[in-house]
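What follows is chain A paired twice: with chain B in the first complex and chain C in the second.
Coming up: the complex of A and B.
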């Protein structure tokens, strides 16, 4: 576990010493603030965040691949991976350390976005239970997207290629639900369970359920596992 | 300390290393000498657990690279051929990171960092951002990260490549000073470097070991042969054939320029005198007759040739 912390700390340092973290934070909060202002200004705003949560998840679909694109691809590109993997560190520790660094950055972004419900609290009376469940949903979706992005980064030595691959995989998980309308009933049911879109809806509305929880945690676990296998391959 | 038995490594269908076997005992400094692409780096990457072997048994201090990979990695310090460091980190911060990954903490970590900073002459640059360092300093940081946990075994892949002559001398001094306390396997494609720093040289070519001996013995072996360039106006293949028939001449081949031949022969001046006499007796003009320094390529060809002859006998 010490190695996980060491690797995570280095990745967080790399995020904040480069423009990366700031660009991502400014992009995310910039778009969200604009939408929040439009929502408040529309005159029919209620003190609830369903639409904002939905936008957040959609933004994370683009932000997560950018956060994760360099995690392993950059090490391959620079060649630093050779020193890293010849240290007494397990491949799983490398994958986890890097994964957690991106998750910490996600938490920082979500913490900053807490300004919106706080503004609502000042002018209305939002349901904090709903909001916390909604945030849990956004966090789980983001954590799953990061796992996908980490895996894509482990396959590539070019950061842009890694980001594009991650977005393609995520779009598949986002849109796969659409297939369900054009296939048989049984297959459609299976396919709908794989859809991020379908799984996130209840959480966004503030309805807690274990099914989406298990769905997102499974994606995290499965893609981190794939990342470890990809590191084990040791492609030079 | 290092035992390699029948190591073979394929990249796809291409063998990079074929059936390589050697040993390095405790405290020894051994050079891996070979041209680029000979399989030096591949062998070292297997030793450092970066690449798995296709076949063969590789052990460091009795630990197998496949079964006790983490234990092997605890016992070695590795300087890769391509020194890749995180450009955004500061030197001391980077050494702290590497030291932690090597399992150091607290006082041991701090004293380890201080020791390698002094050992590698990094005092003035300890707070510099790695991306701003010159190649020579990056090489020192690379060495420092390999030494941070005072490993019993050091694997150094081309430690002096890209350095200026002063830096090369410093690095060689440093390596010599490591002998005794560390077991060192270093690779190089510079013959004198191997002679200067090492007690034993393993020559590898096209993925196979072609010779293994002390630097003195290898040099003696190389001196069994010499190469002479001959330029004759109006010389032709018939002349080349007659030169080949001279005693002590092993081989004659055309040189890079027209009317020149490269003559491989036994050691000594006799052969050159014979060649000169032959050309003059045939009434041709001898324009040039001089010994050719053996380039590394030729050293290897020479060695592979003699090996083949010995094998066929």
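Coming up: the complex of A and C.
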């Protein structure tokens, strides 16, 4: 675990001494603040976050690949991955350390976005059960997106290609739900289960369900597993 | 030895090709990789589309072709790399790794299948906004046949989100419920197939039975499910021909809302004109007969027909009017209900200071009054319930039985009320000597289906003794409070009528699915507060920008 913590700290430091973390946070909060201001100013605003959660997940779909694109791809491009892999550190520790660094950045972004429900609390009476479960959903989705992004980064030596690949995979998980209502019931059920949109719906509304929890954790686990396999291939 | 020393002098990156800095990929190769990835996605989408539409023409074909072209571009632009790749020993190891990855994927899929079938769910919202009532859940869990719920909801339809959420709960609650949602604007073939006319239509099917509801409240959906799974609709007849309240008009003095509500609850509502029949007879399929505000007396043959119906265990809901409207004594008197002659006036407990509109609070706890706290009646008459003769004790040592009323006094006026026997509109009323004082009974319920034999404490009477064959009757001393005009002030009368009919027909579907009141969560901000909030939310990214620039400047300076 010490190796994981060391790698995580190194990556986090790298995020905050480069413009990366700031650009991502400014982009995320800028868009969210704009939408929040439009919502509040519409005159029909209610103290509920369902729509904002939905936007957050969509923004994370674009932001997560940017956060992760350089994690391994950049090291491969610069050749530093070989130095890292030649050290007494396991591939799983490398993958996990880098993954956790990106997850901590995600947590920082979500913590900053907590300003919106706090404002709602000041001028209305939001349902905190709904909000906290909603945040759990957004976090789980974001963590899953990061795992996908990390895997894409492990395949590529070009950061942009890694980001494009991650966005394509994530778009598949996002859009696959659209066709679920136009198909037969059995196929629709399968397709719906793969859809991020369908899985996030309940959590966004304040309903905790173990089904989406298992889905997002599965994505996290499987794509980290694939990343480790990818690193092992690199070492071979 | 010499060459080895020379080799040792070489930089590590030159000795080991794996440590050499990777050369940037040519643009054509990079473009090929992106095209290949896009091609793979398109092939997957195209195959899914093909599987769904079952036809490989048009858009799915184009998507598949584009996918194949993208993959072809990748193979062409990366042909040298691929040739080297397949020639390496590592490629075989890659195959093993792929099999291993697929194996883990299989385990992950299995965990998800188990997780989807056995999952824990909890509604964390304050008033359990999205949870179905216990009654609905009980009904859904007891389904033994598949029920197909097909909803037509466009994104523009008011309440789409709420209805979709609700339908999702129905879908999850039972493996027998199959929910399909179509957007009517993009699924015209389905609109035609189901003959849908309005956005927001929900069709519930079980076998060859079909119900259609619009609006999608829990009460509507659950009632429709009961209707398609439980056989025939409950028939409720409304007597007509004596100046009763009209069902088929939206006039202020009509009771059209009751009809509409009953129909929404999957009741079959019919008008009954006994006078038109040669030998008047209440139909055998009548689950409840309603007589709402008759202004002329009933003919002897009609009374005989209604009495016969009640003697056979019929159900009757009566709402009377103040004199000179008939009191239906020939029917009600047989069951111990004495209708008093006069108008109830209450100078203390009334609506908006009008003593002619007595108000009743704290009704007798009963299925009919459950969930309701106050009632008001614009012009009502009162009742008295006869008592039954005490019977002999059922077992030695039991206390001597007390005389019992033949029914339940559901609604009682306040003590300040009195029964004015010479009430004249426009004349200031006053209580005359001899006029009956409050509390006065304004609504009664008689249940002769269920006899209650006296048993020793802790012992239940045998089941066959619990069910009598007598009627159930609900009588209320006013019919105005059921009308459209009063509904605009309060729906209390309509709810009372619906609950009465539900109790009479012993139909569980009407009794207890109260609509969930959404919490008022409006955000109220003044102009200045709005400005402050907007400044605050934009200040946050600006502060992050300042932090970023500061770090950049410091690092440059360092």
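Heads up, the rule we're going with is that the second predicted complex is superposed on the first by the 231 of 236 C-alpha atoms of A that agree within 3 Å, B and C clash if a C-alpha of one lies under 4 Å from a C-alpha of the other, contacts with A are read in each partner's own complex, and residues count from 1 in each chain.
Methods note: contacts are C-beta pairs under 8 Å (C-beta built on N, C-alpha and C of every residue); 3 or more make two chains touch, one makes a residue touch a chain.
Predicted model, so just to flag it, every value in this text is computed and none were measured.
Student: Would you sort A:79 into first (chain B), second (chain C), both or neither based on which partner it touches?
Tutor: In the superposed model, A:79 contacts both chain B and chain C.
Student: Tell me which partner A:168 touches in the superposition: chain B (first), chain C (second), both or neither.
Tutor: Only chain C; A:168 stays clear of chain B.
Student: A:157 contacts which: chain B (first), chain C (second), both, neither?
Tutor: It touches chain C, and chain B stays clear.
Student: If you stack the two complexes on chain A, which partner ends up touching A:111: first (chain B), second (chain C), both, or neither?
Tutor: A:111 contacts neither chain B nor chain C.
Student: Name the contact category of A:36: first (chain B only), second (chain C only), both, or neither.
Tutor: second
Student: In the overlaid three-chain picture, which partner chain does A:14 touch, first (chain B) or second (chain C), both, or neither?
Tutor: So A:14 only meets chain B here.
Student: Please work out whether A:87 is in contact with chain B alone, chain C alone, both, or neither, and reply first, second, both or neither.
Tutor: The first partner, chain B, only.
Student: Tell me the contact category for A:120 with respect to chain B and chain C: first, second, both or neither.
Tutor: Touch status of A:120: second partner only.
Student: Residues of chain A touched: more by chain B or chain C?
Tutor: Tallying touched residues of chain A, the top partner is C.
Student: From the superposed pair, tell me which chain A residues show up as contacts to chain B and also as contacts to chain C.
Tutor: Of chain A, residues 17, 78-79, 82-83, 86, 236 contact chain B in one complex and chain C in the other.
Student: Can you list the chain A residues touching chain B in their complex?
Tutor: The contact residues of chain A facing chain B are 2-3, 6-7, 9-10, 13-14, 17-18, 78-90, 234, 236.
Student: Quick one: in the complex, what on chain C touches chain A?
Tutor: For chain C paired with chain A, touching residues are 13, 18-22, 24-25, 30, 33-34, 37-38, 41, 44-45, 48-49, 51-52, 90, 93-94, 97, 100-101, 104-105, 108, 111-112, 115-116, 119-126, 129-130, 165, 168, 178, 180-183, 187, 519-525, 529-530, 533-534, 536-538, 540-541, 544-545, 547-548, 551-552, 555.
Student: Give the list of chain B residues in touch with chain A in this complex.
Tutor: These residues of chain B touch chain A: 11, 45, 48-52, 70-71, 73-74, 76, 78, 80, 82, 84-89, 93, 97-98, 100-103, 105, 145.
Student: Give every residue of chain A touching chain C within the complex, in rising order.
Tutor: Against chain C, chain A makes touches at 16-17, 19, 21-23, 25-26, 29-30, 33, 36-37, 40-41, 45-48, 76-79, 82-83, 86, 112, 115-116, 119-120, 123-127, 129-130, 132-133, 156-158, 161, 164-165, 168, 171-172, 176, 179, 181-185, 187-188, 191, 193, 201-202, 205-211, 214-215, 218, 221-222, 225-226, 229, 232-233, 236.
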